[in-house]
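What follows is a set of notes on a single structure, which appears directly below.
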Amino acid sequence: MLAPVIFVTRKSHFNAAHKLYNPKWSLEENEAMFGKCANANWHGHNFDLYVTIKGRPSEDTGFVMDLKKLKVLIENEVVVKLDHKNLNLDVPFLKDIFPSVENIAIGIWNILHNQLPEGVKLHKILLYETERNFVEYFGPDTPF
Amino acid sequence: MLAPVIFVTRKSHFNAAHKLYNPKWSLEENEAMFGKCANANWHGHNFDLYVTIKGRPSEDTGFVMDLKKLKVLIENEVVVKLDHKNLNLDVPFLKDIFPSVENIAIGIWNILHNQLPEGVKLHKILLYETERNFVEYFGPDTPF
Amino acid sequence: MLAPVIFVTRKSHFNAAHKLYNPKWSLEENEAMFGKCANANWHGHNFDLYVTIKGRPSEDTGFVMDLKKLKVLIENEVVVKLDHKNLNLDVPFLKDIFPSVENIAIGIWNILHNQLPEGVKLHKILLYETERNFVEYFGPDTPF
Amino acid sequence: MLAPVIFVTRKSHFNAAHKLYNPKWSLEENEAMFGKCANANWHGHNFDLYVTIKGRPSEDTGFVMDLKKLKVLIENEVVVKLDHKNLNLDVPFLKDIFPSVENIAIGIWNILHNQLPEGVKLHKILLYETERNFVEYFGPDTPF
Amino acid sequence: MLAPVIFVTRKSHFNAAHKLYNPKWSLEENEAMFGKCANANWHGHNFDLYVTIKGRPSEDTGFVMDLKKLKVLIENEVVVKLDHKNLNLDVPFLKDIFPSVENIAIGIWNILHNQLPEGVKLHKILLYETERNFVEYFGPDTPF
Amino acid sequence: MLAPVIFVTRKSHFNAAHKLYNPKWSLEENEAMFGKCANANWHGHNFDLYVTIKGRPSEDTGFVMDLKKLKVLIENEVVVKLDHKNLNLDVPFLKDIFPSVENIAIGIWNILHNQLPEGVKLHKILLYETERNFVEYFGPDTPF
């Protein structure tokens, strides 16, 4: 009998700088839309990242996936690309993408979703910009 | 190409008094059901409120919705009506409604769900009464 | 008119010891898979447990379910069986089951899901092993 | 050789209603000073209480004091007097005392400081009114 | 009789960018000392700031100090100067000062310590750079 | 002019098993004193450890001490000795010491206090056994 499907989450974090500034707009338009987030000299955040996978626990290990391997995957494929970086300047996967927390989460999904072992699916990217603002992304097929 | 659908959450809070007391019942019946929550002289809580919306990030801003506007909407339409209030006596949208945390969350949904900009839907009201008790409401069409 | 369906969560906690060790494997195989979690002398955690139910608030009480009764149910049926126990040795409902956090959550679901009052369904078991690792289980019918 | 002195803290919590209102003042004076905290119909909070004692760990138990006994003492002498109460109306030890968080903390100290076993001293009462406002009291001999 | 001395804390927060880079050193020396914190393109944090004052509660109000006034003071004198700023470039009170979390905390003390009302003293500046790193400053007379 | 003295804290964590059991006592005496904490098959906790040092920020770096070095010191000298260990059986520095949270904290102080660089002093060991129970140790000279 197959084990049931369960969801497993691993928390990571990174600290980064960004600004919200649309280069196609004037300074005044940017300040009207983004306020202090448009500061030309940047601001930054401690981001908390929760990656949720789903699958069936192995009979041999009780694990959906070895969390040490998930931790290393998130570290190598996501955290090292973002931690202590400038999200507008330093991150290849965000090149030409507006580094809002929404778009960062979508970018992280796009990196991870096809790197999981067989029998495991990426379910959710949850990204906190502050403890008061966060986003959740479930992949491109999410209905509106 | 349309951007994918993503969920965005904003946290707020308010402090309020209430009691759990059914005026159709005797004192004894109320105390049997609600225990110390029926104290005639009220008790209170720090409520934490998380409002989740969904939509597609704008190409120009990276935002599903300007969070400053969402913050102001929640503040003006919900928080000022509840903060430092008596939930049994002071809140028009809870008049004749039993102020359990369930009913407060449903009332908040009813206020907010049709005040969001085009392309944005209300997804969830999450309301903590204490760190040990909380409710989540996804609207009147939630299947049982 | 029926009240709408809403989700209610109660948080509990327990402290327990376990080890991740497959008795069908050699010590070397166990250490290769489970690392320091295979320590023969055990290790332990503070587990945080969130039980989520769903239902319609009662007109008389505003409650989906009396949370004092839910608290007692969780305490008597789950927490006393796990708190200050050895999850490999002391817990009848985990006998012959590998005590990964996944399998503990599934075991808790199996205990609680048919003990709720009429009109209330178990929705989710959320179990934190650490603040960085947690699982969510929605029952055996969860699609992959 | 004597064991060294160490500090031990136990966390408790209670939910209560209060208002900040000086009966010697007019309504206008109260509203000018206390703003929304003066609402005649009360408001409330989830209070988190941390009681810190100090002493030397016992050679036999490793304990400064049996924390189960400290927990029961705080529960019986403090929490039952405050939980789900109206701090202006229901609490004998706050009678004729303005129920600011400062004065509640001082009142809790006055109850507990002479009820500890020999060899144990009360060190601090830390009381959170919200996660943004809290007070710490170290007893009447604290220098300014 | 004088009321006893008690400590009162108010929490605030700000989000900012900085880098750890000594302009008197070479790039190699900076990277050897500061590692990824020396990234020329900046990184950032969500800073949590706790300001603690001490004094005697007023007989009329139960307050050591009106916390609404303390909140406004911290907002106007500290938070607006730091929130969504670049700590190396945008902050007059950090000009020519290395913006480590230690030096930011000392700078905040220097701004606030002589702006409190009579009968109230600044006691501590507690500043979190991340949940894992924080500093506490009690003023220039702290003994080593 | 010397920089002022400031306190810097680094948070770490470890997960471990222990039991509270005095081998000089009978089983009944142990159960009477320690209750479920005396379970012969062990229980466990996620311990959070905060190490606080004090010193003067360097003019060149703004640091009291390079926190990367402090992190490595805590990791190598403390965390690897405790993480995923049995505190009664596996830890040389706790041999013949009752592994209460008080005694673990004192043991950690004894390891670290003389391994800090010149100009830096160990100030405090803060050790959480659960979020409701924690101890603070300031060294052997703490007055009662």
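Going in written order, the chains are labelled A, B, C, D, E and F, and every chain counts its residues from 1.
Heads up, the rule we're going with is that a contact is a pair of C-beta atoms (placed from the backbone, for glycine too) under 8 Å apart; a residue touches a chain by one contact, two chains touch by 3 or more.
Please read these numbers as outputs of a predicted model, since none were measured by experiment.
Touching chain A and chain E together: no chain. Farthest from chain B, judged by the mean position of CA atoms in each chain, is F.
Seen from the Cα centre of chain A, the chain whose own Cα centre is farthest off is D.
Work out the mean CA point of chain A and of chain D, and you get 42 Å between them. With each centre defined as the average position of its C-alpha atoms, the distance from chain A to chain C rounds to 27 Å.
We define each chain's centre as the mean of its Cα atoms; on that basis chain A and chain F are separated by 34 Å.
Chain A has residues 131 in contact with two or more other chains.
Screening every pair of chains for touch gives A-B, A-C, A-E, B-C, B-D, C-F, D-E, D-F, E-F. By the touch criterion given at the top, residues 3-12, 52, 54-57, 59-64, 66-68, 121 of chain B touch chain A in their complex.
The residues of chain F lying in touch with chain C in their complex are 13, 15-18, 36-37, 39, 41-46, 83-86, 89-90, 130-131.
Listed in rising order, the residues of chain C touching chain A in the complex are 20, 22, 24-25, 33-35, 97-100, 102-103, 105-106, 131-140, 142-144.
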